[in-house]
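Got some structures for you, see below.
One chain, chain A, links the two complexes that follow: it is found with chain B in the first and with chain C in the second.
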Partner chain A sequence: MSKLIKPTPTLTRRTLLGTAAAAAATPLLGRYAQAQSSEPIRIGFQVHRTGIGASYGRWYDRTTTAAVKRINDMGGINGRPVEIVAEDDGTDPKRGAEVVEKFATQHNCDIGFGTLFSHVVYGSAPRAGELKLPYFVVSEGHHVASGALNRWTMQPGITDVKSQVQAMAPFVADNLGKKVTMIYPDFAFGHDHRDYFSEAIEKQGGEVVAKIAIPPSETSFTKYFPKIPRDTEVIYHVMIGPAVLTFVKEMGEFFGPSKPEIFGFLDSLEAVDINSPGLEFLEGTYFWEGNPRHAQADQSSHDKMYREAVGVDENGASVSDAKDVSTYSHMFGCWETLNIVKRGMEAADYKGIADRSKLIEAIEEMSDMPLSDDHPQGAKRFNGKTHQTFGHQYISKVDSGKLVLAHTSSIEDTLYEDEVDYTAQSF
Partner chain B sequence: MHKTWLSFVLLLAPAAAFAHAGQQGLVLLLPTEIYIVSGGLVVAATVALAALMDHDSLHRLFRARPLFTVPAPWCAGPSLISTLVFSACIWLGLFGPYDPLANLMTLGLWTVVWIALVVLCGLFGNLWAWLNPWSGLFRLLSGPDPTPPFKLPDRLGCWPAVLLLMAFNGFGIASVNATDPRVLAILASLYWMFTFVMMMLFGAQNWLQRGEFLSVFISLFAKISPFRRDAKLQVGTPGWRITTAATPSLSLAVFALVLLGTGTFDGLNETFFWLVQLGVNPLEFPGRSAIVTETLIGLAVTNICLCLIFYICVWVTAPKGQTGILFRRQTFTILPIALAYHFAHFLPGFLVDAQHTLVALSSPLGQGTDYLNLGPFFVTTGFFNTTATVRAIFLSQAAAIVIGHVLAILLSHRVASDYFATRRGILISQLPLSAFMIGYTILGLWLLATAKGA
Partner chain C sequence: MEFGPHLLLASLEGATTAAVLALTAMGLSIVFGVMRVVNVAHGEFYMIGAVLAWFIATSVGAHPALGFVAALLIAPLLVGFLAAGVDRLILRHINYDPERTIVATIGTLYILQQTTLMTFGPDARPVEPPFNSRIALPWFEWGENGFEFYFPWGLSTTSYKLFVIAAAVVILITLWLAITRTKAGLVMRATQQDSDMAQAFGIPVKTVYSVVFGLGAGLAAIGAVLVVPIQQAYYLMGHDPLLLSFIVVIIGGLGSLPGTIIAAILIGMADGIISVFFTPTLAKIFATLVVAMVLVFRPKGLLGKSTS
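Let's look at the complex of A and B:
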């Protein structure tokens, strides 16, 4: 798809810069004429085009394209059009750092944006900090709020995994059961879930009765199911990778019709059709969703608008191919982040790269953001100190092959103690 | 330093992990064990069938039939057009979209040439001889048959092409910049100039046949094609041209094996199995840059092992004094397997990137033009999400692997018939190679079916 998203397809940056008279005479550019400069705001889009993140990158790209089109259709930012400069990071941290450097030193970008995979964020954020490039990640990682990064790195458009996991506990304890068996891959991702959720469920009066860690290279799981204690009321699973369908199928075969309540994270099945063969067993089970994939009965006008803009149907699939399921739980983060950047630049009266620190400060000042076309996933509460946003989490039940919303967590359920104050760091 | 950094990432990074099920998840649910065993049995049955064939039937099987006269193609024209297209791609690589999937430099090399054109040449013959971006311009500037100022030493054989192929493969598989349009444009233009200079120094045909790896590569795959244009268009069982080919030099024989070895490693290096050997968590692939050295070593070791194993398979039963010639001739019989691996490995990616290519052709500068009148066009990967389509893709890949091995078995028996007088002699001589090919079938199908994490 088109990468250089501009108000008119025939304009190049040179014409935008060099021929003011011609620009004024161009109807589409006239919209931006009130600005002192019609030079585009250049947003460096660090996209997982190739590598293991490519299936997410494709949807991040599509969402970003749609968000920028909307912003430009509304007049751009501070009267200037927005231009996306997309660079592939290969879902690789070293390449990610190179891309960030190119944004800052070669492409003359105002900000960097859009990174998803945590290891790429870790590889790139220090370079963004060194180059003083505002770097907006859309990653879900706890890396920003944990204090591991720097003042130039922010995650304002998507919540982090720590808050997500913690917000699940009240619903699980109140509705599904208090004795939980956790099944998770035996590395840091799984350990994070284990630790965050164990603590949270205990606060709700529940307990984790078994912790079943599965080696990451495992592709068959039948030998692990007998380890599930008989008094288990809820299974909490966070399996990921290609074998996740096998996991679900084998768990279904193990339990047969009499299964305990089952709760999982949709990360396992993001971009996968919930009606895939082998997933029948998921009927009646619950999932965390970052943003409900299926349009709900009480769908907001904002979600409707957002779906139409991105080209996603009521089942969360591409309007051009009903089998092409989107990464609906994550990609809204691109849309919302870009709208926050817009508001931040407007608040800071951003004029150019000299105002980059003012942009960071303006966003640090932000707090509550209501459900709106800018925030179709739901209201947000940004924490300027930790550079992390907090928001509603969704729990859906698989009902007749659809994910039907069963619970919306409050923002308060997702909050935790600050672990860092980036505002105390100098630029 | 490298390890320390990797540990840091492994310790801290994976607060969120996104490795998802997708196509490979559905493949893991297919009855792939049955497919693998069936494929192995088909190839084993081919060994039995070949054992029953005498000299005459083996020769008859690979005898071509002349059809009709076809005019010689206009050699310079397509190549000159190709040079123009290549130049446009270089320009786009340097000044077009940074996004590799929107840039025709990247898509032109990896999708159009490396996948589509290579496979087409394997099916229909050496189209590259007309379409390469050098020979037309060379002919225009130097005339049809100039005497080169220097002679490429005979002892160099095709080793320059082998070295360039290995360098290209190493870059393509190990480098994280292998799809970067800017990097590709610079490397491709340097390579174009280097090749053109070498053609001027050593003669066009000499360099294209011995030094320019892509021409050597495609000319070998073209030997699998059922077609050949001589005085008349000849048609035969795919691979018949291998049976009539001149005995290759050792360097060309190694080149053929490197094609297969690289194709094998390209599949292997994505698997859980390989990542676990490297100590990498397959659910948390750290990126290509973290394993560049390991990848290059793995690529080299795979190729060395394949050459050694293949040599041993020939050596065990070769008549005294004929091991060398038999080894060199038999290496060509694995070309159908190499082509099958190429097709199978790249098919899923091609189905997606061909769509990106279409979009990029419609909007080469990535600025929203729509020369092909595609209208709103969203690249889809929906066919990776249903069992029916995933099964169809898997079976297409598996069928290619099996057909490649069946052809290879028949070809190896046919080649052996030139050196062994009796049916029994052929049979015994081919036992090691046949076992190797049955094993390789199973390996190839397993590579398609096993879990992947990179």
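Let's look at the complex of A and C:
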């Protein structure tokens, strides 16, 4: 609006038109404000619909839609229906900040939600803080708990990389080997892996013998593999982006029959069928999973309900298209975050935008969350000071083309000392 | 990895890159040589070639080899017709004016890219190679028993990557024969040397332009069909080939076909070897540096002919 009434040297047709439009819109805005209590709660959903995060975005979208449907079926939040306002950020940090701004200033959203890629979080969170928009990210990055962001940014629905790798290191050192070569994407998320896993494996008496960073937009990978030292006992791989299938395939071609032990984060194969041609060598290797993709023998009733609601079959693919594999290790975060927002708004007796800081305070009060339909991935422990949640991590072994759960870490395995106290910051 | 096997692996990777790059850059070079059009949408024709290859291969559905052969025959043709259409609908109407063609092809770039995004979607999709077996490569050393062969760890390529190199060589030789030994090639060369004079001698210059623009895009599409079983079809994949093609064409000399080949091999191999031994970023820095040096010391490119 300020742009429209900016003083201009001459009155052009365009400014005249703009002023007229602004004047016409004003009474509408007034009426909207009066009727707000019965208006829906508007959740700005920042979604990676295009760009390198698109396959995650598609499934974040489906999970979010299913979670909102469930919340609305149960009567909404504080008697008000929930409405999703989705905006594509192109998996681009600059666009991310603009999208956050649109949520706050144009769409009149109550909160912003849903960002995954860590560089987009870094680009968007400062703007959310400036606009005082509660901003719920579903990203895994250590950026929230590290203290790099602000009081308005929270990650209550998904665990962060630091806690994940800390829980993986003992398993890797005890079962696979102590000399590890890490292959990771060369941006914030990959650097979290590099820094915190190196630290964690050293505590287990192991060492990282080589660190191979790959640009996230890379499409050809064979050239990186010769840097793997010959004495490597374990390959630790985590990759993201549209070329993950190529990455894993070329890794198999490089090693041929004489491969070391391989431990990967399922990020390297999210939205990719593990039985794709060329991936046969993964048989017998291990993966971290945020949430087991294949329905396990002892599947909980909560996972069953969640799978059905989102439309995922027992192999982790869409029920309508077996080739459309989900991002099962990450998307539960959308489901759980929205349920936490609901409980937060209920606890804060959230009425409207003026209560945004009360919502943040209400969620900061939360702690243990049991395994339930609200939390189908498992129990969580939220740390209100660091705005980060902690939870169980899963390690699966590839067995006859299926990911079979081999180890579940406890929440205690994932805890580390607080690095920040956001509650001490003012709003 | 030891130096020798490491270098061999790097060279093989570089040769695959160079082969695909030579095809793509050749398309750009021909279009510039004959039409004097800087085709900024060239990378998108490459991308559409890859996307069509995916579409054709999945529609055929039978054995992967059958789908691949169908894609290799049909996709470049379709892309060629699309490009010829762009020439008739857009470039012809702006009279091939150098500045306006750049703007027009930038517009075409976005139209093609966004149309693909809206139809094909934002995901990367794989095409199965017609055949793909890992070939472990031997290396030699002077051991205690004298000269002996052994198979170093990780030193391997795939049969498909070797096929890409061979296919690119065959296609480029065919192209060279077509340009130098056929009537159509003669007409093309005549148009390149002096289009007004060619027109005066009854050569349908406008049709030649459409065909050449289609041929250029078709070559990019062939490169893409060859590369798509190694990489994947993705709506943003046109960016890198465009940049590298421009680098190659500038180094080789705009419109010079042998120069384009030499530059493609130079840049492709350098990219492979520098990426393997150092970092891919350094490879890009090297390529850009070579461009800068060529522009300073040989502004017409390595084999470009001076117009003066």
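In this section, the second predicted complex is superposed on the first by the 323 of 427 C-alpha atoms of A that agree within 3 Å, B and C clash if a C-alpha of one lies under 4 Å from a C-alpha of the other, contacts with A are read in each partner's own complex, and residues count from 1 in each chain.
We adopt the following convention: a contact is a pair of C-beta atoms (placed from the backbone, for glycine too) under 8 Å apart; a residue touches a chain by one contact, two chains touch by 3 or more.
All values derive from a computational prediction rather than experimental measurement.
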Output check: A:278 vs chain B and chain C. Expected answer is one of first, second, both, neither. What do you get? both
Which partner chains sit in contact with A:333 here, chain B, chain C, both or neither? Use first/second/both/neither. neither
Quick check for you: in the superposed arrangement, does A:142 touch first (chain B), second (chain C), both or neither? first
A:206 in the overlay: touching chain B, chain C, both, or neither? Say first, second, both or neither. neither
For A:243, is the partner it touches chain B (first), chain C (second), both, or none of the two (neither)? both
Partner, of chain C and chain B, that touches more residues belonging to chain A: B
Just chain B (first), just chain C (second), both, or neither: which does A:170 touch? neither
Could you tell me if A:223 is touching chain B, chain C, both of them or neither one (first, second, both, neither)? second
So, does A:256 touch the first partner chain B, the second partner chain C, both, or neither? second
Contacts on chain A seen with chain B and repeated with chain C across the two complexes: 49-51, 55, 58, 219, 242-243, 245-246, 271, 276-278
Spell out the residues on chain C that touch chain A in their complex, using ranges where they run on. 1, 6, 9-10, 13, 17, 117, 121-124, 126, 128, 132, 134, 136, 153-154, 156, 158, 230-232, 234, 236-237, 240, 272, 275-276, 280-281
Interface with chain C, chain A side, in the complex: residues 49-51, 54-55, 57-58, 215, 218-220, 222-228, 230, 242-243, 245-246, 253-256, 258, 271, 276-278
In their complex, what parts of chain A are in touch with chain B? 1-6, 9-10, 12, 47, 49-53, 55-56, 58, 62, 85-88, 90-95, 107, 116-123, 139-143, 146, 148, 160-162, 185, 187-189, 192, 216-217, 219, 240-246, 249, 267-273, 276-278, 311, 317-325, 330
Can you list the chain B residues touching chain A in their complex? 8-22, 24-29, 97-102, 176-177, 179-180, 272, 275-276, 281-290, 359, 363, 365-369, 376-383, 385-387, 389, 451-454
